[in-house]
């Protein structure tokens, strides 16, 4: 199964005083890529208002800086693991030539919004995630 | 040896549509805490213009959300390891009552700015870091 | 009557690729200064949840850049005018020496949150604003 | 002559605790639209490194909020006036249906980067701007 791809339009304000995309911005891009993937599952917004997705863990390895002559960067992401009440996302930051700029990982937990307590991942979401799970070959 | 502490003044814009400090903002706070610690080493800015500090790895575990009634959050940080051309920082996000909101870790590499290549940590910086290394007891 | 003052802790990420505080960030600082002033009126949060304050107009004149050796900037602000369903704020950005970096102005409208329609400024807020109205002499 | 258009990909982080695009973000979008227009003039980057463009004045009227179901917003902009050492931009924020969300105006000054002093707009830039000047009819 192919990964989901989200291409980020870079903003002038993403670049910091060192004239590279600031290390913090990558997490904004991951956030938007996640929103894109969850939207692509087809799970209705009304369901997300009941069972929210909170970030429990974020990590990234920066491999190469993104310079000011780049106008976009693509985030490839996929569901790396699905457990009872949490799931894990893998990410790669790539350009059109396939160069990898960073690799990242997030653990999300599903939360019953009304009580703000962790809840088992709903079955329809669990099923939908299988479409974004990388498989060998 | 006590850790370095940097208290962040929260901004209204740090809070997202879920009315918590957004997960991305924590990395901004870590960045400012690092700038504070490096400044506290007494290493002159002129030296930092020659040997820069780049983020190689960032990771965080979110423990509890920061709500809109909080006006500040304190980042405790310390030098967790020093190697040839890289060093590792540990962080805890705490409030005045000592509650821990997140724990984080960053690996920094030292870079010769002129050539943008990794370079051994300068000896004066290495010495200064010993003042921010947590010790038992 | 003296103006209200809000001192902003600058962040490394406020500085852009030109190594000045980016022109956009000033509006973040104005937002936080406003939140501070409205909080200082003593109007309870529960009332703000009923009658919200929306920005209708924002403007600024940049006078001098804020450089990377500055760690904070103070926003002086005051209520410049109060009308039926809107009020106007004046701002000056100053440092400890009194140098002015920018002058700005915002028009806010009061909105009944439930219907998202403009509503007359509540009387208690109108009274409280008189404490932040600049007067001559 | 038609205006220049820059379509902004909205980010989840652009939305604030009121679940609208935050008032500050509009200035980020104007900044990126300007970068796009200046790039479209064909003026080489090397020239911009010699003569920079600094924001002297920014203003905006917010007309309607941008809600969370919108994934992009288009900024139409044009050169509204060209003087000796400054120029003025006009902007409209519109969606695909032509609804106007905000109108804005910026005054830019041209600055000799080496001395950080205001300098006359270079003739090639002045000529290029004529392609982005709105004309009647």
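In this document, chain identifiers A, B, C and D correspond to the written order of the chains, with residue numbering beginning at 1 in each.
Keep in mind that, in the parts below, contacts are C-beta pairs under 8 Å (C-beta built on N, C-alpha and C of every residue); 3 or more make two chains touch, one makes a residue touch a chain.
Please read these numbers as outputs of a predicted model, since none were measured by experiment.
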Review point. Which chain pair is joined by more contacting C-beta pairs, A-B or B-D?
Key: A-B
Exercise for review: Return the chain whose centre of C-alpha atoms lies at maximal distance from the corresponding centre of subunit D.
Suggested key: B
Revision key, fill the gap. Taking each chain's centre as the mean of its CA atoms, subunit B sits from subunit C at a distance in Å of 30
Exercise for review: Could you tell me the distance, in whole angstrom, between the mean C-alpha positions of subunit B and subunit D?
Suggested key: 35
Check your understanding: What is the distance, in whole Å, between the centres of subunit A and subunit B, each centre taken as the mean of its C-alpha atoms?
Key -> 24
Point to revise | Contacts with two or more other chains, residues of subunit C listed in rising order | key: 12-13, 22, 24, 28, 31
Check your understanding: Across the complex, what residues on subunit D touch subunit A?
Key -> 8-9, 11-13, 28, 31-32, 35
Review point. In their complex, what parts of subunit B are in touch with subunit D?
Key: 12-13, 15-17, 19, 22, 24, 68
Review point. If you look only at subunit B, which of its residues touch subunit A in the complex?
Key: 18, 22-24, 27-28, 31, 52, 54-62, 65
